[in-house]
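My questions all concern the structure below.
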Amino acid sequence: MQFAGKKTDQVTTSNPGFEEEEEEEELQQDWSQLASLVSKNAALSLPKRGEKDYEPDGTNLQDLLLYNASKAMFDTISDSIRDTTVKSEVRGYYVPHKHQAVLLKPKGSFMQTMGRADSTGELWLDFHEFVYLAERGTILPYYRLEAGSNKSSKHETEILLSMEDLYSLFSSQQEMDQYFVFAHLKRLGFILKPSNQEAAVKTSFFPLKKQRSNLQAITWRLLSLFKIQELSLFSGFFYSKWNFFFRKYTTSPQLYQGLNRLVRSVAVPKNKKELLDAQSDREFQKVKDIPLTFKVWKPHSNFKKRDPGLPDFQVFVYNKNDDLQHFPTYKELRSMFSSLDYKFEFLSEIEDDDDWETNSYVEDIPRKEYIHKRSAKSQTEKSESSMKASFQKKTAQSSTKKKRKAYPPHIQQNRRLKTGYRSFIIAIMDNGLISFVKMSEADFGSESVWYTPNTQKKVDQRWKKH
Amino acid sequence: MPPLVFDIDHIKLLRKWGICGVLSGTLPTAAQQNVFLSVPLRLMLEDVLWLHLNNLADVKLIRQEGHEIMEGITLERGAKLSKIVNDRLNKSFEYQRKFKKDEHIAKLKKIGRINDKTTAEELQRLDKSSNNDQLIESSLFIDIANTSMILRDIRSDSDSLSRDDISNLLFKQYRQAGKMQTYFLYKALRDQGYVLSPGGRFGGKFIAYPGDPLRFHSHLTIQDAIDYHNEPIDLISMISGARLGTTVKKLWVIGGVAEETKETHFFSIEWAGFG
Amino acid sequence: MSKGRVNQKRYKYPLPIHPVDDLPELILHNPLSWLYWAYRYYKSTNALNDKVHVDFIGDTTLHITVQDDKQMLYLWNNGFFGTGQFSRSEPTWKARTEARLGLNDTPLHNRGGTKSNTETEMTLEKVTQQRRLQRLEFKKERAKLERELLELRKKGGHIDEENILLEKQRESLRKFKLKQTEDVGIVAQQQDISESNLRDEDNNLLDENGDLLPLESLELMPVEAMFLTFALPVLDISPACLAGKLFQFDAKYKDIHSFVRSYVIYHHYRSHGWCVRSGIKFGCDYLLYKRGPPFQHAEFCVMGLDHDVSKDYTWYSSIARVVGGAKKTFVLCYVERLISEQEAIALWKSNNFTKLFNSFQVGEVLYKRWVPGRNRD
């Protein structure tokens, strides 16, 4: 076997001197730059209590380096105070029996993506949103003691809570782990909502479950039985000793086709129709739900809490050191895949946001129509016509926009194999360190990769002409 | 519930003792990143066990849920706590005011408006005209403390428990999470001066640093303990681990506790022939 | 002929059973050509005239081997089955040793029987050897520089001096590495020359005519052997016979489960066109190649699991880390048995492998590290 000497299977293991190609975790933390930034910007440093740190005298270089590094770190942490000015303070009051916080006079840019406003204009925050905003210093966490029988006290007693108090209010390890994942992603700019919390306007990829008639139920059962039957009608003639006596195969693909019907493989939805079919199948099957934890949207400035649309990802939080949890089995993974409802990025029919509007549903109406209806309602006649005009212009634009680069089939196939279909993210918590893994459905059983010399060349040439 | 530490001085002390933990909270001055994080420090169960068994920490057992503690604060106690907080804030305000005034004077001196000979009345006039006091008042800030006063003086249910009782409770909790022997591996490595951190990202239970992580790279990945006299090692896992060790430049280490002698033994496995 | 053309010719057929592709042209208006075509068609067959012979060696661990030179090469060239026992994958021991002992006139890189091209071609083994040497040299160089740094520290150098020295050292290491990659060609040739030293033991390798004894065999994985008898009739033993060699006649289901699962996965990928080889190098079950090792690197690493199994997180993450580091895709292949254990073992015992393998279902999930920072837009 001849090798050109370039790339081999031992791509990363051979070079001890090179950096790891990923931004990976073993970067030694260098707090020094951050420290100088923080001390410059800190309004002032609160006086530090405690004994004087041991200061090395500089002869031992190792000690000096360590001292500098840890001083930079501790100074930065001490100097980074969570503060709001008295003028612009926003107070959040923890309500124990609801395990939420209420902001009586809410203000701030965080309101765009967090909390729920009630009819009186107060803002309610989920507990993890509350802790996150307090940790940042955006709001001040208070606990208000209700005035008891002693009516003479005019004002209620309010206690400014500490971070330690807030963390002690988590109701379980799981909730705290979910909080850490929430905070991690929020810091990067993502917008998160718990999966079990619905916005006022609920968008789904799937139209509403229709009430199935009995007849439909029976038909479905018969069809699925037939599918099973069809498989067991499989003829194993290829594997009998008479196969090559009676049959002559003139091409290699024919041989492959004889071979590949033996082992069954799970079919996975690959396009919109199959997704919708899979959803209706799910209604019939009693799939035990493994709920995903969060719906996540990529950072963008026009997020609407009331009507956020389909999320970009869905995340499941898993603590690897918790004996009550385990990494999902295949059955569980399939259940999670089938409960997904987000912007399925693998769909080739859908290319941009406008397509998503057409392909998702709000209570059974395609989202696009729903939006159009709503905005039409709230506008006057004149502006409605101008809206219509701009709407038409938009559709005209989008139809010209659709010319996306088409790739030759073997590259498309490679993509399908390497990125898969439906997917979700698992966030793994390991004693404080969080890693993320993307689990995607794949279907090698639907792809054939045998090489056919002549056809391959022809197909490639045809593509090159484009 | 995972063990968390909020007091920065305690965190410094822990670090001196070789427990570095994982900082997990938002750093307010650089809130949009995850590389540099602040308090709370999250510890591993092994860290807590080690601290307790070495008599370095007091473990308090609080059976109430967090919100029960909140709801259990009496008006009287609440008023006291509130006063403590307000006192702290007022002191902070005083300090801020003085600091800002001094800063202002220094600035004026620098630009030459005043000098050491300026009288107090002149200073007062200058202040009034520049609205300095108002500016200072409006820029006063309130900060959120790290550590709790509410929890500090709560009556703990563990006052009646002996140290041994607490040890047993901790052991029970630990055993539920995994093998007891893994703690002995932890202990043996700590006795040799290693600092241990969670190792899930590197394909192991812990990663071990020969000293403070700020200064050294870790060069060991430690697996969960195995009973190496009786339990088989899956060869494919071993190959995978050794190969991984080469990729991340750490030695793949397994260890166990010998039943009779109760000594811990470690073995490292390396991909041979890499040169 | 270019290397690409050589490979196209040599590895023309993806399986050891060839299609009947040499039928004469059918000239529609000429009845004679019809007759001739029909005659050729009747006479043709896909089946092999001579099946490949396997020997079973070893008592405690069974080795399934092919010992004939031509047959070894046949299995390799037609689908990359098996591994040479003295080689990295393709059985090249004979050629390498002959070259080393100077037993043949043609130098190593003309082994294909064609004109050599300008590129210095080496066997895989040579490449590995050379890289090891280079790594050793690099480490020596680096150790030298580290000693220099330590000297400076001992003398009590200031931290700035240290930083300057570090920078200088890093630069020199970079240059050293660059030079190493350039020296590849030169080193290879030097080694060729130096290897023609005979050792005393080498006499044992030769027979009385001075020819090299055929000591290397091609070893087949049990799943490969099963494929080459059950799926395609290539080997000279029957599937039943192979099953009997692999397991005792009174085996229970739990004894055969692992093998059956491995086979189902192997067959699944082979039957869709993949070249499936052992993944032990990456700590996983199989590697999937599109056409074969000489053409492209394997892009997928497959681990087989039962469908109701959950492993420790460390298991998934270490394999993923190794696979990801080699820039391959990690595939979890879950296998579900659709019939009961009793039915399965009954089918096995009655040699009804077709129905047995047909009663399994395979599903795949890709496992990939996800970095939130890179997925924000």
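The letters A, B and C name the chains in turn, as written, and every chain counts its residues from 1.
We take it that contacts are C-beta pairs under 8 Å (C-beta built on N, C-alpha and C of every residue); 3 or more make two chains touch, one makes a residue touch a chain.
Here is each chain with its UniProt name: A = Tetrameric tRNA splicing endonuclease 54 kDa subunit; B = tRNA-splicing endonuclease subunit Sen34; C = tRNA-splicing endonuclease subunit SEN2.
What you are looking at is a predicted structure, and each value in this text was computed from that prediction instead of being measured.
Asker: Name the chain pair with more contacting C-beta pairs, choosing from B-C and A-C.
Answerer: Output for the comparison: A-C.
Asker: Which one of the chains is farthest from chain A, going by Cα centres?
Answerer: Here the answer is chain C, farthest from chain A.
Asker: Express in whole angstrom the distance between the two chain centres, defined as the mean CA positions of chain A and chain B.
Answerer: About 29 Å, centre to centre.
Asker: Report, in whole Å, the distance between the mean C-alpha point of chain B and the mean C-alpha point of chain C.
Answerer: 49
Asker: Provide the C-alpha centroid distance between chain A and chain C, rounded to the nearest whole angstrom.
Answerer: 37
Asker: Counting only residues that touch at least two other chains, what does the list for chain C look like?
Answerer: Answer for chain C, listing residues that touch two or more other chains: 131, 135, 139, 281-282, 312-314, 317, 325.
Asker: Mark out which residues of chain B touch at least two other chains, giving numbers and ranges.
Answerer: Each of 200-201, 243, 247-248, 274 in chain B touches at least two other chains.
Asker: Two or more other chains touching the same residue: where does that happen in chain A?
Answerer: Expected reply: 12-14, 16, 65, 184, 188-189, 320, 428, 430, 435.
Asker: Would you tell me which residues of chain A are touching chain B in their complex?
Answerer: Checking each residue of chain A against chain B gives 12-14, 16, 20, 25-29, 31, 34, 37-38, 41-44, 46-47, 49-50, 53, 62, 65-66, 69-70, 73-74, 76-87, 89, 94, 96-97, 99, 132, 134-137, 140-141, 143, 145, 147-148, 150, 153, 157-165, 167-173, 176-177, 180, 183-184, 187-189, 320-323, 428, 430-433, 435.
Asker: Once bound in the complex, which stretches of chain B touch chain A?
Answerer: Chain B reaches chain A through residues 1-2, 4, 6, 8-9, 11-12, 15, 21-36, 38-40, 42-45, 65-67, 69-71, 73, 75, 78-79, 81-82, 85, 89, 92, 95-96, 99-100, 137-151, 176-178, 197-201, 211-215, 217-218, 243, 246-249, 271, 274.
Asker: Show which residues of chain A lie in contact with chain C when the two form their complex.
Answerer: It is residues 1-5, 7-18, 23, 59, 61, 64-65, 184-185, 188-190, 234, 236, 239-241, 244-245, 247-252, 254-256, 259-260, 262-266, 268, 298-299, 313, 318, 320, 326-331, 333-334, 414, 417-420, 423, 425, 428, 430, 435-445, 447-451, 453 of chain A that touch chain C.
Asker: Please name which positions on chain C make contact with chain B in the complex.
Answerer: Listed in rising order, the residues are 131-133, 135-136, 139, 280-285, 312-315, 317-319, 321-322, 325.
Asker: Of all residues in chain B, which touch chain C in the complex?
Answerer: Answer in residue numbers: 200-205, 223-224, 236-237, 239-241, 243-244, 247-248, 273-275.
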